[in-house]
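The data blocks that follow each hold one structure.
What follows is a pair of complexes built around chain A, which joins chain B in one and chain C in the other.
Here is the complex of A and B:
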């Protein structure tokens, strides 16, 4: 039986739900008190095919003292122009959810100067979205 | 109140004729297509308004009213901004001039280059403070074509047709950045100005950080750019966090 999601992680998930009211937020607890979170129906930019994707990421039990990273998007994400993927976007990099691989495109944006007092999972997701929309 | 000004003021005022008058004239402005434009006087041709708002010969001026029917002006028609100063434009080929509308015209009050719409021409200092979401401690002044503007006292009327272009002093808007109080001195600020004010007031961020605003329902805006202008009000909440790196 999976342990309960830690309060800090649950609070982060609540903030994500409020931050993205038009998206469905699916939560899968992990074995340690964290959770895998999948946020649907996110616009990532018409320069990509598809232009809309879900985003899946793991909030570990160490949150907020651990970074929420990487983020996974729909598998096979491609630039419409045919240009190579920008640095930081890795096609064909599956996401492991509790030992099960799910096809995905990994976006790797690390918060090397994480501030647990201010850096929330919702803000991290928004930063990643803002970044990918400018690629 | 500019009661001690003994110097004559020459200006183009309502009606379009230059006169000598001791009373400073209020400034005028109008909203065209959701942008605020200063105007030289209360009465001017529709063509002048279109030109000053940057619209070419393919467009006609339409005054917005509080109902489905608006008023379309011909180019040479004289428009009195005191009867309504909110306009849109329409393709000339689709619209013919009409002056029939039973609904009141929309009115835009402007305070320090921000504007809000109302149908009520009989505002007070306090109702405008609430309309614009300003602090109760601000000073509101009627903006005249003169170095001396008129402070509007507590409870005083601010009737639209006597001038709806206003200034604010001692703005003192208090927002939160990373849950710390930050005082801003104007209502329309750039992202960079918010961050600079926060840094100056001791918030542990850097100007190069990324700025977000939380809306009342908890949703997040996209990152606010350094040169992006946002309109702030008391109790607005921002988060400012460091950039990410490619990994």
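Here is the complex of A and C:
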């Protein structure tokens, strides 16, 4: 039987589904009541190869009081121009999902002034996408 | 038999009291929407919201009684109670001062209306409170029958207790408490003996708190810590002995002996229990070898009268802050810091602090005062492997400096705060709000004002806040 996801985490996932209706949202519960969430088919910018990727991140059981980061994208993400990766993008940095490594590119964007009352996982995902699209 | 009690913040009580007793000698009404906390011995209602009934609009001349709440008012709020999983209490006042009871008219109106209200609110419980100036009586309707309210606690700087009539409390006159009873009396001593206090963390700070409150005569102490004593703790943990660290075994190169040494070392909570029992052989001491972050442990804290936070993880701060606001339990967070500049090695501002946290606006909420780091909170949920993969620089083996005398400063301040709060000894007008920070290197104190975010999910009044919800909301603990 899979572990139960906490209600606050479940609400966050529902909000992500509503915010990205054309993406598949896969949810893998973690043992503590949080979840790993993978949102597919996200456009990250034609300056990247590939230009579309999934995004995988963990919403911990402490949500909304814990920040949601880092975010993981398809492994081997490269700039089409051949330029070096911008700071904050780490190729070949796998995502550990319940003890199993998944090859990925890590994007680490910590929220410095998190407000649990207003900052949601969906909003954070949008901010990360907005950032990566400008790199 | 279970006791039925009601907890309300001083701010909400003052709002209600001013409405019920404006000086006109007349009857007034209100509704309280309350959370609930059910434990083995007690059902505690927690005032989440006070809604005042407007004269002539919500509170009108009654058909069968003197005054009544209008059907619209009752319908609106009982539906809210049902939707928000809260308990619905009607409130009105009578004359008089130190004792109060329901009139026959009141009881008849309960019998007419409450069975339906119980259904509308999905089994409630629901009830009624009637106030005199310094007294309160309550009738609670549950699916298992009608219960009477034992007491109401007003949680503020001073804890105030209200009863239907003045209780007869047998004081405690034991010789060992003679000198302190000269200050707060044998009845105060009896109140300490009846109190249940939780200490989160039994290390350098928690061990001092534990011994102090045991010596004060607190009757029931719950100490929580998952850690065992090590030789580097002995200088700070009260009552600890070097031999019970078994460090000579742990230093062995043989893995089996090393494991044996770890197994034999004493748990910090067991040391705290030993010391407490030496101070007060009558104390009921629960030594919990575990973490406040676990659901099974936190359930033992829900009916506490006071919580000391003597542990430093962000997760323990989050759970503590949730307990204070969700269950309306006053508490205090204790800490000291010896910051060292990592480049120069020089010691910066050394401080010791005890931060009271009361369940009300500007009551010292750790979230509002930015004392819970959301980044560190997320880090604490990761495994060691995940932290390494995310390339964290912080070396978990680096310990912050810690000194017994600095711990004692914060601990003594905190225990005094508990004593004065619990026995109502603070001067209401002169006692300053905020918390005192001892700036040790400057040989001075400063008072730090508390901030409040009205949208706060712990102490705020918004729909998403957990304030006063008790068992009807989940605590921020892992499964």
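Simple rule for what comes next: the second predicted complex is superposed on the first by the 133 of 135 C-alpha atoms of A that agree within 3 Å, B and C clash if a C-alpha of one lies under 4 Å from a C-alpha of the other, contacts with A are read in each partner's own complex, and residues count from 1 in each chain.
Definition applied: a contact is a pair of C-beta atoms (placed from the backbone, for glycine too) under 8 Å apart; a residue touches a chain by one contact, two chains touch by 3 or more.
This is a predicted model, so every value here is computed, not measured.
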Three-chain arrangement built on chain A, chain B and chain C clash or fit: fit
Touched partner set for A:109, first chain B, second chain C, both or neither: first
Partner chain(s) touched by A:7 [first = chain B, second = chain C, both, neither]: second
Which of chain B and chain C A:18 touches, first, second, both or neither: first
Contacts of A:66 with chain B and chain C, given as first, second, both or neither: second
Touching partner for A:40 - first (chain B), second (chain C), both, neither: neither
Centroid geometry (CA): angle chain B/chain A/chain C, rounded to a multiple of 10 degrees: 100
Touched partner set for A:88, first chain B, second chain C, both or neither: first
Which of chain B and chain C A:128 touches, first, second, both or neither: first
Partner chain in contact with A:52 - chain B first, chain C second, else both or neither: neither
Gap in Å between nearest CA atoms once chain C and chain B share a frame through chain A: 9
Shared chain A contacts, counted only where both chain B and chain C touch the same residue: 69-70, 108, 110-111, 114-115, 117-118
Chain B partner contacts - residues on chain A that touch it in the complex: 15, 18-21, 69-70, 87-88, 108-115, 117-120, 122-124, 126-131, 133
In the complex, chain B residues that touch chain A: 178, 210, 212, 217-220, 222-223, 239-247
Footprint of chain A on chain C - complex, ascending: 315, 318, 367, 372, 374-375, 377-378, 381, 383, 385-386, 389-391, 453, 455-457, 460, 462, 464, 474, 476-479
Contact footprint of chain C on chain A as seen in their complex: 3-4, 6-8, 31-34, 60-62, 64-70, 90, 93-96, 99, 106, 108, 110-111, 114-118
